[in-house]
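Okay, got some structures for you below.
Next come two complexes, and both contain subunit A; in the first it sits with subunit B, in the second with subunit C.
Entry: the complex of A and B
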């Protein structure tokens, strides 16, 4: 395979991971605030349907994104109300919503299956940046506007998390809400806000599938992506950069699978559809937990310590627990 | 800032945690708030810091009424609180903690500027804190220092410290006290909440004593000191102060001993050259022989080693030296199971944490204790046994009631019902804490019935009336020493107060 060809495959892979980037960043924000929105699978799927239908009806692709974001936020509102106000099990609420919204997408989206609709304008190379050797063709030539929005989202989220007072507060309410409350923050309101923002981003992820990277609508159109996003957030250590890296890695695995599929036509195609999910879980397991320690033990001591510090993660301490004021 | 609390009331369910509490703290003073656990001190200061909303009452700062309904309000008035368990963010670094929630922090973080301010404040108080250390790697004392520095950077004029000397080292305590004295000199008011008499005496200008949700006395310590603020005490003055404070904490009048004689001549528990050691104290009992049917009351300020003593007698801890015999058998350094087989039973103070199992029902507790041979639980037998226990011990609950749903009194009744039948030594902490009068009487009736069957009881309590009423002999724990046993009938409020203050 020529290197130029490989570069295009990789660039396409990076671009096609964009919806997952949105979903992972959204879930990371929500979970950092201490709330698990386990409905990701359902949210992404229902919003993919809603985005497609809205864009088709209004004949405006951007309105599709707006509608998807609103529906994503509304689903997150149900999670937030149940988890924060009613203090019920976040796992149960999220899981039921995941199933409900997936089925709802199939039911409501039935009339729209496999019909053409509007899509995001393709291929939008960025002047100047696309000419940087290697970086340019990899990141700034094959993508469309959404791909670049994804880059911006990652950078902005990272900057917000680690360089602003708001981000510090966000991390604080997920760790030790009582302490944040003692410092004068409105924990409940902030948790609502971040859960809604996270839900809206997951909604946008859904629309990014149906209006761009997997254009159109079909039965269970985005099956599996919500779950893999949840896994990537966990193994990404609730860090937006690492979560985004995980999403891109998954995109790569998918395009490698499709390349492999055309190379070895004897193997059933299902194997290649499923392989990225399995490989991703393997990679995630290897880069976390005890396996990591075992891998690191082969390294020299100096490298081991800094690498271990960079890779070692712990969930927000108050993740999934309601905040009891008083 | 002068802080005034007027007629504060707060109920938690049936408990009147603050009953018409009024308190004034002058600007530039360190004010001690002293009392046993559960006296209502923490509730009161949490009301002042906005953490708990009061039922009624007023707060005035520098003479003007203050509307404090949340921590955010309190911060705006310059009231900062150090909680007993540090309320900070362990995975974040010290400097991130310092910036989080600070009014001075700009929307875009400026770590370098924050670090400068942080270092300046630290050096003022000789605190040696690494701004980039994770808080989870700091000691309790260092986390406290971090909180103090943070609150000061936020412009706190009133500092509340809830039990700050628990779990910190001696040198950290010195550093803390120096910092607090310095802040008081600068005109800030400090509220120092503690159940440790010696800390309050060493540090505070004034002390207010609380008991059972009420203020029971106040004392200005400054006139007793040779030179005002500093911690130097003429020995006789210090003793006078101790006696007066202990009197406030426990009351002047003592109840009359009411316990019938139940002791038999046989010695059931004997300790010889018994040494208890924890990180902070070492205590010694030369010789103690407890007879069957005898009740030994253990008095003293809370945290003076009573719990360690009872746990060591129960076989849950090992003595540093010396021997323990139960019923003539040497149990020194034997496993806990041997203690159980020798008929030793320990009922801890925290019934739901250490005594009963939350989430299990009364019947399941009974089944657990039955320890049958087979794999399966004999449900019918357990149900029958639970019904019997409920009837005999007058528990207000049903066999399928989960224990955490029972009231405190009924939990204690359940614990008593679960005690093994032939029992040689019963060790208890606060047997009637949180119980109403009826339950208290009933519990002691049961305990005395046990004594008649030959059980020896050792119990610790912060209720001196209970100790005098139900003990045959009393020992006092004070400042790392254990007094020789004294017959309850020979005790007076005065002599007992002096012993608790450390004179024996």
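Entry: the complex of A and C
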């Protein structure tokens, strides 16, 4: 394969992973604050429908994104209320919402199936950046404004997490909520806020599908993407940079599958649409869990330490646990 | 949102003034019904007409009642199996894949015994069907234990191990349907070549309901009720679910207990998958599980993991599923409304439970 062709495939993969980047960063923020929003599958799907319908009704793409973000935050509010205030199982509430919102999108979105609607304005390359060798064609030629928004989101989230006081507090309420509370932080209010922000980002991810990267609406339009976003957050070790990397990796797996499809005509095409999901979970299985520690234990001590710091991914210590203030 | 008040003042007064816990549960139930009505109104239909259409769609004639029972049977099996995993503290989202792999295994054995066109074989049809159900159960066990091993030995969340295996099972089914097991002529989403009618499970009259499937579902449920209420095994399972570490310290073989929960759930789900093949579809289709596994999870969550209440809830949910199939024909609405109703009922049951615990009057006074 020619290198120019490869560059185009990779650039497409990076661009098409943009909705997942939004969803993964949203879930990473939520989980870093100690809350699991397992509703991602339903949130992304319902918001894809709402975003499409709102944009079509108002004839304005950006209003679609606003509506999707609001609905995403509202679903997150239900998760937050059930999990933080009522201290019920976050998994149970999130899972029920995942199914409920998927079905709701199918039921209410029925009149909008396969009709034309507004899409994000045409792609435009950034003048100077696109001429940088390799990086230009990979990141700045293919992309539209959402792709760039994705880059900004990754950078801003990383900076906020690791270079600001607010980010330090965010990580503290997910790791040691009692300590954060003792230092005067309102753990419950902050968890609400970050869960809502995360939900809004997942909502935007849905609208990014229906208004740009998978334009339009159909029955179960974004099936599977919410579940894979949840898996990528774990693969990314709750780090926004690595989560984004995971999203791009998944995009590449999908491109690879479409390339392999033409290369291996014996295997039915439908297999290649499922394969990336299976592979991604396989990668997750291989990188998390005990195997890695066991493998690392065969290495010399000094190599082991730096490698395990680079590879090991521990969840936030208080993830999924309600905070008892008294 | 504004929970800036001092921690002590947040909960204490509410408890004193609390209403009986039942008030919150009933209140949450009523709100879920109002929301269902609202959603129907948003879709431009009248709730009364829609409910009427669903009732007649589920119980209008013998065919429809038969379809409700045909949905109920595998749902009972899945729900019964999920009682074990839930009580062990596991969210076995992999149940869908366990159904699918059971169906694949059952189809495999039937294709082996009766290759396309063959009408006679080593085993007469009734025995072949029985063997297919057993092999389906074994397939479900394999898929369940795989998720269990990943969870117990690999320390991977059972949720993601299960979801991954769901994708994998669907992938295998699709590969077989479009690849090695494709219909002579064109491969299509409608599934593999249907089996000869001699390999179909007998039904009640001309309906889709099969007595064998219903009997297996009821047996699984009764066994589960007895095991959870009256055996040491059920007690240990609950102990592991309540507090894994404490149970282990007190001498409960926790790993074995968790794996047996996956084993039993996989077995029941695999049998359900096999029954979908021999009793309902008579072939392998891509969505052979028909989302019954996820529906089973909802049922068991709604009854708060107590198997005694599974039968009425599962029957109601099956009726919703079948009744909603009428909606596209009679009112031009999407049949997903059943899922919306089921989801809202379970969501508000969970929220109502939480409200009752937080604000409800405590029994002692």
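To be clear about the criterion, the second predicted complex is superposed on the first by the 312 of 326 C-alpha atoms of A that agree within 3 Å, B and C clash if a C-alpha of one lies under 4 Å from a C-alpha of the other, contacts with A are read in each partner's own complex, and residues count from 1 in each chain.
The rule is simple: contacts are C-beta pairs under 8 Å (C-beta built on N, C-alpha and C of every residue); 3 or more make two chains touch, one makes a residue touch a chain.
What you see is a predicted model; the values in this text were computed from it and never measured.
Asker: Based on the superposition on subunit A, does the combination of subunit B and subunit C result in a clash or a fit?
Answerer: Subunit B and subunit C fit side by side in the superposed model.
Asker: Determine, under the contact definition given at the top, whether A:277 touches first (subunit B), second (subunit C), both, or neither.
Answerer: second
Asker: Output check: A:295 vs subunit B and subunit C. Expected answer is one of first, second, both, neither. What do you get?
Answerer: neither
Asker: Quick one: classify A:92 as touching subunit B (first), subunit C (second), both or neither.
Answerer: In the superposition, A:92 touches subunit C alone.
Asker: In the overlaid three-chain picture, which partner chain does A:192 touch, first (subunit B) or second (subunit C), both, or neither?
Answerer: It touches subunit C, and subunit B stays clear.
Asker: Compare subunit B and subunit C by how many residues of subunit A each one touches, and report the one with more.
Answerer: Subunit A has more residues touched by C than by the other partner.
Asker: Just subunit B (first), just subunit C (second), both, or neither: which does A:169 touch?
Answerer: A:169 sits against subunit B, while subunit C stays out of touch.
Asker: Just checking: does A:180 make contact with subunit B only, subunit C only, both, or neither of them? Give me first, second, both or neither.
Answerer: First partner only.
Asker: Subunit B to subunit C: minimum CA distance in the overlay, Å?
Answerer: Minimum C-alpha separation, subunit B to subunit C, in the superposed model is 5 Å.
Asker: Same subunit A residues contacting subunit B and subunit C, which ones?
Answerer: Subunit A residues touching both partners: 186, 326.
Asker: Enumerate the contact residues on subunit C facing subunit A in the complex.
Answerer: 1-4, 7-8, 10-11, 39, 42-43, 91, 93, 150, 153-157, 159-161, 163-164, 167-168, 170-171, 174-175, 178-179, 182, 187, 286, 294, 297-298, 301, 333-334, 336-340, 342-344, 346-347, 350-351, 353-355, 357-358
Asker: Within their complex, state which residues of subunit B touch subunit A.
Answerer: So the residues of subunit B in touch with subunit A come to 49, 51-53, 70-72, 75-76, 81, 83, 87-92, 96, 99-102, 105-109.
Asker: Hey, which residues of subunit A end up touching subunit B in the complex?
Answerer: Contacts found on subunit A: 162-166, 168-169, 171-172, 175-176, 178-186, 314, 317, 326.
Asker: Residue numbers of subunit A touching subunit C in their complex, please.
Answerer: Its residues touching subunit C are 38, 78, 81-82, 85-89, 91-93, 95-97, 99-104, 106-108, 110, 186, 188-189, 192-193, 224, 227, 230-231, 234, 266-271, 274-275, 277-278, 281-282, 284-285, 288-291, 325-326.
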